[in-house]
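Next come two complexes built around chain A: one with chain B, the other with chain C.
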Partner chain A sequence: MRRRLRGKGLALYSLLIYAILITPIVIVVVVSFNASEFVSFPPKAWSILWYKRALLNSEFIRAFSVSASVAGITTAVSLVVGTMASLAFVRYRFFGKNILRSLSVARLAFPQVVLGLALLQYFINIGYGLGVKALVLGHVVVTLPFVVQIVSATLYGFDRSIEEAARTLGAGPVRTFLRITIPVIRPGVLTAGIFTFILSFDNVGISLFVADARSVTIPVRMFLYIQENYDPSIAAISTVLIAFAVVLVLILARLGTLDKVFRGRSGTYR
Partner chain B sequence: MGRSKGVRVLVLVLPILFVTLALFVAPLGYTFLTTFYYHPPGAIMEPILTTENYSKFLFDSYYWRVVGNTLMIGGVTTLITLLIGYPLAYQLARRPFLKTAQLVLLISPLLVNVVIRTYGWKVLLSDVGIINRALMAMGLTDSPIRLVNSIIGVFIALAHVLLPFMVLSISSVLEGIDESVIEAAHMLGASRIKAFLRVVLPLSLPGVIAGSVFVFVRSAGSFMVPALMGGGRVRTIPTLMYQYMSHLLNWPFGAVLAFFMTFLLVLIVLAFSSTAMRRQTRVEADEP
Partner chain C sequence: MPYVEAAGLHKSFGAVHAVDDVSFTMEKGKFLALLGPSGCGKTTTLRMIAGLSQPDAGAIRLDGRDISLLGPEKRKIGMVFQTWALFPHMSIHENIAFGLRLQKLTKAQIKQRVVEALELVQLPGLEKRLPRQLSGGQQQRVALTRALATRPKLMLFDEPLSNLDHKLRIEMRTELKNLQRTLSLTCIHVTHDQGEALSLGDHVAVMSAGKILDLREADALFNRPRVRFVADFLGATNILRGHVINEAAGDTFQAESGIRIGVAVPDRIPPESIRYAAIRPEKVALRSTKLQASESVNAFPVRIAEVDYLGTVTRYIVDLEGPTGTKLTVSDSTGRILAIGEEALATWTREDVLLLQEDPGPVVEGGAGNGSP
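Up next, the complex of A and B:
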């Protein structure tokens, strides 16, 4: 009896914490339908005025499309590079493997603003310039460790006898890879892809430094806007972004690979 | 056979090797060099070597206060997420009802960008926000407590987004603890509390350390949260870096700040994670 009560207490505590975690997000959604220019909660009158304002703001629209294309290209590059590296890390022993792996794992906890600052100086120095292509390269650097971590975790759980069976039945190495390996690791790769997209789309540390005037990303644009304005159009654009995030989360939940995402930081590939 | 394997590994590794060397090691190396560059009035920097950027930093107590502030934010945020997160991690590892739903709620702060989250907190915590009105209605305070534009708001917003990392880091280690070890402690006469303190807690330490290191580095390295929640009152190394790079256009000094912060964080991480690293190598050595 006491044991059950204790379990209930812990569950109740968790519920309270989860409620606190989502409160600021719920608040933003509610405020976005506020009719007044002055943010008050709960709103006294409702309106969709701020959605019209936000969607007519060409700076937001441009920033949104920059973020979407940077995140799209970053995801493609990171997935290819990261999956290749994971295959090498999990399946082969080679010279320098531990150093290379440590250098990419270290980036998970490396302060992004430091890397952003370094990339700004470096891109200017080598004459590469700033803008979308600089953003993509910078985002690949910070998202790649996540891809390696998630895909590696999937590969550790991979039963290689299926591949051997395919080879025994006469399939070549390319065919085995395409028909067996890829389908088996696909949930992991998809999860990594969704996370990479979110990380790149929401990135601030790198974008703050390597974006130029024409390639300001949506979080940085919102940051610059909120410095001078406090009206609910920022809440309206936020709500649109929250809706996207909800869709992505539902996909993640369906894939059932959520807990793989954070595995391995503690060194437990299981 | 051996040679074709070598070629295959090289092809697989080449892209990540390029990213690591050309886009991580080289930029940091170049930035380290620029910490010694000369900052002439009216220009960004010149490749004339000088140590004056370092002396400007080292002999001004203002910068040391900013360093102290940054480390304090890291420390307090780590402590908050640890205290709030441990019971949550325990629950997630031991009683996983509706686990996917719980995970979705837990990582929800990570799925929206920092400006959205901070805006929400600003509305909630403002002088006329719900929290202050509730406190005043309950008679706990006569005038609103300053929660936004202060260090308190910075702690709250940072703990909010970093809590999931702490919880998942601890719970993944807790899940790996063999139930029979705890049962053995009970059979040997340990009470629930004693079994927890003497068996579960020590075994979960690697997760606590890994989570703490991550939260510490992320909170000390955050730019947006102190910039938005601090209302100009909270100065940290990252906000100062942004100022020197974007507004004051003194890049060598920005680089000194960046390197000093990296140096400090690496020292702290090494000090705290040596035990976790030892455990990690043991785990990896067990792999086939």
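Up next, the complex of A and C:
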């Protein structure tokens, strides 16, 4: 009996946690269909007016496209650099490896706002400038540790004798890397890629500092918008972004590598 | 000219001399088993032959050509790995076709060769499956036939049977041996299992601490081991240290522990080089103490110290009566079970005593028999 009761208690507790997590999102979605001039809940009348407004707002459109291209380039750069770094960390021994590896993780504990400010100073001082290229570099700094963690987890479970088998079957090192190594770690790399894209797309801390007038990203644009307006178009934009994120997470779930990544170094050490 | 030749191979990993001056030759169509405990250098030797590891010194020749400096992809050597190493993202067809595509065969030829390859290992029709959908035994066969399909000049096996259960391992062993005979393959097989080495190998090389201690025909190595480590590794675990003396009654081995046993020194061994006498546990008979009348040269009263019933055989550890403190391991297959503390008479013939020389190089520690001090 007691077991059963406890089971119910646990179910209720879980439900509560999920409710707390999901309710704000539901409210945002509901508010976005509100016909009112102001953000209010619950809505008295329904409309898709704010979607029309939001999607016709050229500033939002431009910010969205800036965010998409920054996230795209950030993802590409992070994946190439991160995969190479993971290969070095997992497969080779070199001077300073443990320090480098600790630093790459320690970055996660560093406040982004501080980093953003530091990057702003740095980019201006070295004459690198601000804008898209600064956004990309800043975002890569944020996303790289994730890529290294995820791709390394995949590489730890990698049986290197399959590469050796490919060699004895007549494939050179490059062909072996392209035809065997890359395809086998692809799920991990894709997972890291989607994570990177979401992290970059969502980023405020860095973007706030290193964006310039022509390269305002969507989260920053929303941030600026609600300081002057409080109409539901912000909820409409949010709902679009939520839908976008849900699609990406569903793709992640389909790849089936999330478990492996969060369980960490699964598989056998070699 | 030998078909395969390894000449003076050396390989160190940091301070560890993993392979220390390994040389051997092989004729075409023969099967060589490299046998030894883990860490003896057998796998490193195999990997150097495959080109997966670079020797610090030495040369490898195959079919009249020095292949020491070639990458593994240019050596025309097939290899089957301990983990089988099938490509997990490719179907069985693609796995087998992988090496064939690199040989620039046409699509039709490849298809034909894949079908033949699967028939060879009695797995026709599995082309479209993925490796993970196959059983361990099936994966192992695919790994074998994938390597064979490229028609390599030499086949290497890195303990491919060690991940199979006992029954399947024996089956695969027979199948592998038949395949090797039918196709006249030249094979080098690494294992730590003496049964596997003796059953598969035309020749067996026993390795320890990076060196080949002995390399001969399987039966010669088993029946007439020369050095202590080889005898011990091939199951002659009762080893006594001492020397041979000549007595009127015949050759006698005087052990350092004090006991004397009758031996027959063959002409091929110089008596003064003998340092050890070894007796296989299964060559020792445990008889009733009533037969005390010295019917055999070597008959020692013993007391049973430990009994380990294993089904087909019962293993005993017995204490020799007297002050020598000698213990013997006895493997008995008569089915009669003696109890701890019971007395018996341990007997064996002169011819059953193997006379051994010191291991070459530094004395190898570990795995010593019960009798050695």
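In the analysis below, the second predicted complex is superposed on the first by the 253 of 270 C-alpha atoms of A that agree within 3 Å, B and C clash if a C-alpha of one lies under 4 Å from a C-alpha of the other, contacts with A are read in each partner's own complex, and residues count from 1 in each chain.
Keep this in mind: a residue touches a chain if its C-beta (ideal position, glycine included) is under 8 Å from a C-beta of that chain, and two chains touch if they have at least 3 such contacts.
Everything numeric here is computed off the predicted structure, so don't read it as measured data.
*Asks:* On chain A, do chain B and chain C fit together or clash when superposed?
*Replies:* fit
*Asks:* Counting only touches as set out at the top, which of chain B and chain C does A:G170 meet: first, second, both, neither?
*Replies:* Touch status of A:G170: second partner only.
*Asks:* Under the stated touch criterion, which partner chain does A:Q112 make contact with: chain B (first), chain C (second), both, or neither?
*Replies:* First partner only, chain B.
*Asks:* So, does A:L56 touch the first partner chain B, the second partner chain C, both, or neither?
*Replies:* neither
*Asks:* Between chain B (first) and chain C (second), which, if any, makes contact with A:I48: first, second, both or neither?
*Replies:* neither
*Asks:* Please name the chain, chain B or chain C, that touches the greater number of residues in chain A.
*Replies:* B
*Asks:* Given the touch rule stated above, what does A:L178 touch, chain B (first), chain C (second), both, or neither?
*Replies:* A:L178: touches no partner chain.
*Asks:* Classify the contacts of A:I226 with the two partner chains as first (chain B alone), second (chain C alone), both, or neither.
*Replies:* In the superposed model, A:I226 contacts chain B only, not chain C.
*Asks:* Could you tell me if A:I162 is touching chain B, chain C, both of them or neither one (first, second, both, neither)?
*Replies:* second
*Asks:* For A:A35, select first, second, both or neither according to whether it touches chain B, chain C, the two together, or no partner.
*Replies:* Touch partners of A:A35: none, neither chain B nor chain C.
*Asks:* Tell me, in angstrom, the smallest C-alpha to C-alpha distance between chain B and chain C in the overlaid model?
*Replies:* In the combined three-chain model, chain B comes within 7 Å of chain C at the C-alpha level.
*Asks:* Can you check the complex and tell me which residues of chain B touch chain A?
*Replies:* Going by the criterion above, the answer is residues 5-6, 8-9, 11-13, 15-17, 19-20, 23-28, 30-31, 34, 84, 87-88, 90-92, 95, 97, 99-117, 119-121, 123-124, 128-130, 160, 163-165, 168-169, 172-173, 176, 206-207, 210-211, 213-214, 217-218, 220-221, 223-224, 227-228, 238, 241-242, 245, 251, 254-255, 258-259, 261-262, 265, 269, 276, 279-280, 283-284, 287.
*Asks:* In the complex, go through chain C and note every residue touching chain A.
*Replies:* Those in contact with chain A are residues 50-52, 71-73, 75, 77-79, 81-83, 85-89, 98-99, 102-103, 143, 146-147, 150, 156.
*Asks:* Which part of chain A faces chain B closely enough to touch in the complex?
*Replies:* Answer in residue numbers: 7, 10-11, 13-14, 17-18, 20-28, 31, 39-41, 80-82, 84-85, 87-88, 92, 94, 100, 103-104, 107-115, 117-122, 125, 137-138, 140-141, 144, 148, 156, 198, 201-202, 204-205, 208-209, 218-219, 222-223, 226, 234-235, 238, 241-242, 245, 248-249, 252-253, 256, 258-259, 261-263, 265-270.
*Asks:* Can you tell me which positions in chain A touch chain C when the two form their complex?
*Replies:* Touching chain C: residues 159, 161-162, 164-173, 175, 179-180, 183-184, 186 of chain A.
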